[in-house]
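In order of appearance the chains are A, B, C, D and E, and numbering begins at 1 in each one.
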Amino acid sequence: MTDPIISVRNLHKWYSGVHALRGVSLDLARNQTVGLIGDNGAGKSTLINILSGLQKQDQGEIYMEGKAAEISGPRDSMRLGIETIYQYNSMVPTMTIARNLFIGREPLKFAVGGFGIIDLKKMRDESVKAIADVDLHLRSPDALVGELSGGQRQGVAIARAMHFKSKVMILDEPTNHLSVKETNKVIGFVRSLKDQNVTGIFISHNMHHVFECCDRIVAMARGQVVLDKLVGDTSIDEVQDVL
Amino acid sequence: MTDPIISVRNLHKWYSGVHALRGVSLDLARNQTVGLIGDNGAGKSTLINILSGLQKQDQGEIYMEGKAAEISGPRDSMRLGIETIYQYNSMVPTMTIARNLFIGREPLKFAVGGFGIIDLKKMRDESVKAIADVDLHLRSPDALVGELSGGQRQGVAIARAMHFKSKVMILDEPTNHLSVKETNKVIGFVRSLKDQNVTGIFISHNMHHVFECCDRIVAMARGQVVLDKLVGDTSIDEVQDVL
Amino acid sequence: ARAEGLNIVFTHHSSASNTFWQAVKKGFDDACEKVQANCQMVFTQTEGSVEQQLANMEAALARKPDALLTSIVDDKAFDGVLDKAVKDGVIVIGVNVDDSQGAEGSARQAFVGQGFRPAGYSLGKAMSEKFPKDGPIKVLVGISAPGQSWSELRGGGVMDFLEDFKKANPGRDITYERIDSGTDLAVTADRVGAYLNAHPDTTAYFDTGFWHAAVARVLKDRGIEPGKVLLGGFDLVPEVVQQMQTGYVQVQVDQQPYMQGFMPVLQVYLAKKAGLSPANIDTGQGIVRPDQADAIMELSKQGLR
Amino acid sequence: MKRFLKVYMEKPELAALLLLVILVAIFQGRSDGIFLSIDNLRGILGILPEMALVAIGVTLLMICGEFDLSVGAVFALMPMSMAVLMAHGTPFLPAMAVGFLVCVVIGFLNGYLTIRFAIPSFITTLGMMFIARSLTVVISGGFPPLLPADLPTWLFTDFVGPGNVIRMSFLWFVGIAVIVSMLLTRTNFGNWVRATGGFFPAAAAMGIPTARVKIVSFILCSMLAGFAGMIQVFRLGSPLPSLGDGMELQAVAAAVIGGASLNGGIGAVLGGIIGAILIRVIDNGLVLSQVDANWFKFAIGFLTIFAVVANAWLRKRARSIKVEI
Amino acid sequence: MKRFLKVYMEKPELAALLLLVILVAIFQGRSDGIFLSIDNLRGILGILPEMALVAIGVTLLMICGEFDLSVGAVFALMPMSMAVLMAHGTPFLPAMAVGFLVCVVIGFLNGYLTIRFAIPSFITTLGMMFIARSLTVVISGGFPPLLPADLPTWLFTDFVGPGNVIRMSFLWFVGIAVIVSMLLTRTNFGNWVRATGGFFPAAAAMGIPTARVKIVSFILCSMLAGFAGMIQVFRLGSPLPSLGDGMELQAVAAAVIGGASLNGGIGAVLGGIIGAILIRVIDNGLVLSQVDANWFKFAIGFLTIFAVVANAWLRKRARSIKVEI
């Protein structure tokens, strides 16, 4: 096994009155896809929120490609090459689909010091493509996200993540709300990450999905890692027993 | 087949610029559990939102036990005996779990004209029981819903619906975010509805779940019903073909 | 009243809930009825807002009235508009407040009223008659609205007098302080009440409005007898007259607002009918003392004072 | 201990209480002990009920997710209606009834227009503020009538209690505060108010009659403002049309200082009251500390921000105490 | 046609525009044609830029999800700082630079305190309103200094254009409106503003520097208010410390009338401008219609509510037009 791309050591996270992570240590190997499972409230989202900079650990370290990494905001995390789909969709309902897809990463016609004029045409065209890529059928990229159905929104979030593929992809229950067809697309996408040299973390409560597309299973319970095995070395039943 | 408990005739619903329901007619037989499936944006949530009074149809009629029913708000729907779990959880994040469970139906110590003093003890006790019934593990019924994990919230919503069981239960993607154990609980619950003389509508994108616990499958596409068969007369493959 | 065709507008810097200006309005309306003129008074929405007054003035002038009556609370802001109005043949009369340069400062043809600063000065002077003949004198000046000219100028007038008084009595220990006393009876009562707690030896309190009426009530509630803390301020509103009757308020400046509303209309009428040119009217230094209170109360109830 | 501190300080109204104590101590020092003298307390406690009653109403409404800028104008309109009626010979009780009726109508209109047309209450009540203020001037004809001499004002303004420090109005205020507080925390209506403000779609979906809940809250808020105005007029003896000007912002500030959220769903009656006390204490303490007139507003602004910042900071500290509960 | 009507009327700013046209027509009738006379237009257009500039800033800030009550005070403070400096001999340009610096500092503090301590901007800016107003009085010493005679005020206040109906300030206003409007709709910064106000957690999760976006918006809003104040002072010829009192609520009202949402994320610069025009038109039209003084505020309140209700109603009608798009 080569150097891990991400290592976390002894992470602790307190919410006011709740000890949500109780010393989690984990190494993610390069180009491996990890399935993260666990009961409701086990701390999965908390762990990945720390990796994506939404929250800050109270204790513990994160290493990225061997170097200690200070992640104090989503921007840091993105800079390190981590792309996340959050459990609760991170869409601005009052904005159009196209604008949502490119929030914070707008294609610019020209820019001075990071600010500039958005290339609206390019943005529209690319978003039409990105949405088509996930087999989502939407009327127009100019519809407001707030007017989409639950699954359509989730689909847009996935289209965004797939479009801005990065070194590490974290997907927190991405298939919720999705129809069968799109779910299959997502599973296929996760399975293909490896081939594209992308490391993945896939959270789901559907064991079949996890076993179908991951290389390794990590199970959490009550804020701790309770099982960590390669897919070949374990089975759905064993995993369900530990939980 | 006896008299249908709910009949809808030729329902149309326009959102500004979107024709979401295009003439849906459906009869729900008493004590039958219907699995409602369909692609993202097919109009499933819109249909059940009309039945639960969240939205108003633009055209078409609803009959409840043979009588024309005017549903112009969730209260009307509840009065007719319809209990709903919504796709987007209908919880108030700034309130405690116990208060959320009983919103609008608080147990009162005494009341005058519908207003009165809440029986806090009873409310707490019953909510502890309701939550235990769905195998959810929560610290205390006094925690704020806003501080729960995604699955925990969904669990509370289910606990509420199960606690206030009614003549007709509508469940819009209730198993999203839920762990395996709880999902099984929900499936079991849906399957048991029939025995308790409750009519059910179960929406899910997981065909296995639908086939496991429903008597009849209704598939929607682009705002119309495209398939309506008893479970015995169809198969997962057939359904997936129509969609 | 349109028949006569005499159109008069009155713009000023105060809002409709100001009792003083309601008295001016009454005089204005009564006079207009007498001369059958078509009249309009325009209040501001925010008390003391010069920019709103100017906007109202511009709007009213677009109707090309025969006369414009206005308070001139700022030396410069209205110059352009007034110049143009006079050039267009509108009779312009300053009311209540004049340009500090007087007739030189603006194009207005006459002024009816009394200056803020002189009024403050005469208030101080009238009150000083009641000052103790010896011992230290500690005065509190309540600036009702810091930064607003009516309040600052009146307070300034009082303090001008106090400075002169100091010079005239070099041997005595005379001090004064200013606080933000607020433009609300309750607030003024609370703030001045608190101040008096901390400084029970205060000789006199001057308000730049009529809000010391509430201070009188505080003194009464505390069982302090009338005259221990001298109270004085501006404008005769019923509350103050009431407190004069009880003896808590010693001196009040009355500008005779009814007259300020009434006279300019007559002047306009005379100017139009007989070609008489408007002339300055001093509506009086109007120092009112408690002995006049009963008589005033009757008139005050009718809105005449 | 740590646990106690955590639970205690996480409540915004209690953090505000701590702040209040500190401020009082400072002012007591800076004023050479006059701040807590009977006389000064009497002054503070005399005016407090009026502001606090308004703050209670606004807090309730803010928990319900709405906003009322018209309280200051209603504060003046209600007693003015009464005074005008009484000046025309109507006896006290019917006049008071009409006064409250006016409040109810205004509250109802505020709520009805806001909900029926789904417009922000900011606008409805801003407009209503102008309307009510204008009506106050119109009915008084510009000249406030004097109050008849034989009113039962003792019921509201007489001094009572040991050392005569409090007025009757204080008892009314305490009684109303307890009732509204119970209403919010112990009754089903209170639950609905909180749910409606906390997350409107959820409350509506659960069958709560959200429109009625909001309208009732608007009406309660208006009535409390009117009642407070009546007390003030009885205390001061004269119904001025300019009464209560600027009170709308102060009341909101009080509610926020006491921990209510402008987005609704969060807040407590006690918080609004403590906020109102803080504002009064700051105002009074600054006079005693002899702040110059020109700097007075500066100090008020500064301390208002400071109070909320300190409150937020205290709560944050409390949250980060690591105790499992 | 139906389709056009639908798309057009669904935009709140365009619905407001329709309302504006109707109101103008009514006032034109009621004022015997004086409303649209050159003289009156000159009056309206002379004042409009000042209010509209403030409204633009507030609209921007509201889209960003925040609120600024200090604009009225900054409106007075910025020109007062300039005037005081110039009275002490500082030349025009450096004085103006310092004036803007003051605005920047206030805007920065508003934003920084709001974000750093996670407190509502309602409170921060309410406090700042008091502070800025107080500073205005303090630096002027209560009495405004005179402006030097040789200022380039022509750059802001001279009449230009056909019939001399507009002032230079109008050109500045149009220029700035176009720039801010472009900023909001065409640049990535505008996208961030809208996202930050629309749904803060999402914006933060997508790596937008939300804190910086908000602070910049606060600063822009302050600067626009200060600039507007400067123009007004040049027009009036004297820097009064009481300028802009009450403007904070008017600016918010303008933004809301023009369709901006108090919850952030929704709004347009054009809307804020139309809102400001509506407010000016109502004000001016009522004077010309010779509404009785005591009923004046009533009419303003009524028309403000009416404007928003009508706007909401028009949009609702438009939404219910059944055309697929």
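Heads up, the rule we're going with is that a contact is a pair of C-beta atoms (placed from the backbone, for glycine too) under 8 Å apart; a residue touches a chain by one contact, two chains touch by 3 or more.
Note that the structure is predicted; figures quoted are calculated from it, not measured.
Novice: Could you tell me which chains make contact with chain B and chain E both?
Specialist: A, D
Novice: Most remote chain relative to chain A, going by C-alpha centroids?
Specialist: C
Novice: Quick check: more C-beta contact pairs at A-D or at B-D?
Specialist: B-D
Novice: By mean C-alpha coordinates, which chain is most distant from chain B?
Specialist: Relative to chain B, the chain with the farthest C-alpha centre is C.
Novice: If you average the CA atoms of chain C and of chain D, how many Å lie between those two points?
Specialist: 33
Novice: Between chain A and chain C, what is the gap in Å from one C-alpha centre to the other?
Specialist: Here chain A and chain C have centroids separated by 70 Å.
Novice: Quick one: chain B and chain C, Cα centre-to-centre, how many Å?
Specialist: Centres of chain B and chain C (C-alpha means) sit 70 Å apart.
Novice: What are the residues of chain B that contact at least two other chains?
Specialist: Residues 16, 18, 88 of chain B each touch two or more of the other chains.
Novice: Enumerate the residues of chain D that touch no fewer than two other chains.
Specialist: In chain D, 130, 133-134, 137, 142, 294, 296-297 touch at least two other chains.
Novice: Could you check chain C for residues that touch two or more other chains and list them?
Specialist: 16, 25, 45, 143, 146-147
Novice: Provide the full list of chain pairs in touch.
Specialist: Here the touching pairs of chains are A-B, A-D, A-E, B-D, B-E, C-D, C-E, D-E.
Novice: Under the stated contact criterion, what part of chain D meets chain C in this complex?
Specialist: 31-32, 34, 37, 39-40, 42-44, 46-47, 50, 76, 130, 133-134, 136-137, 141-144, 146, 159, 232, 235-238, 240-246, 280, 283-284, 287-288, 290-294, 296-297
Novice: In their shared complex, at which residues does chain D touch chain B?
Specialist: Checking each residue of chain D against chain B gives 186-189, 191-192, 194-195, 198-199, 201-209, 265-266.
Novice: Across the complex, what residues on chain B touch chain E?
Specialist: For this pair, the touching residues of chain B are 14, 16-19, 58.
Novice: Under the stated contact criterion, what part of chain A meets chain E in this complex?
Specialist: Residues 52, 54, 73-75, 77-78, 84, 86, 88-95, 99, 102-104, 106, 108, 111, 114-118, 120.
Novice: Could you pull out which chain D residues touch chain E in their complex?
Specialist: Chain D reaches chain E through residues 69, 113, 117-120, 122-124, 126-131, 133-135, 137-138, 142, 249, 252-253, 256-257, 261-263, 294-302, 304-305, 308-309, 312-313, 316.
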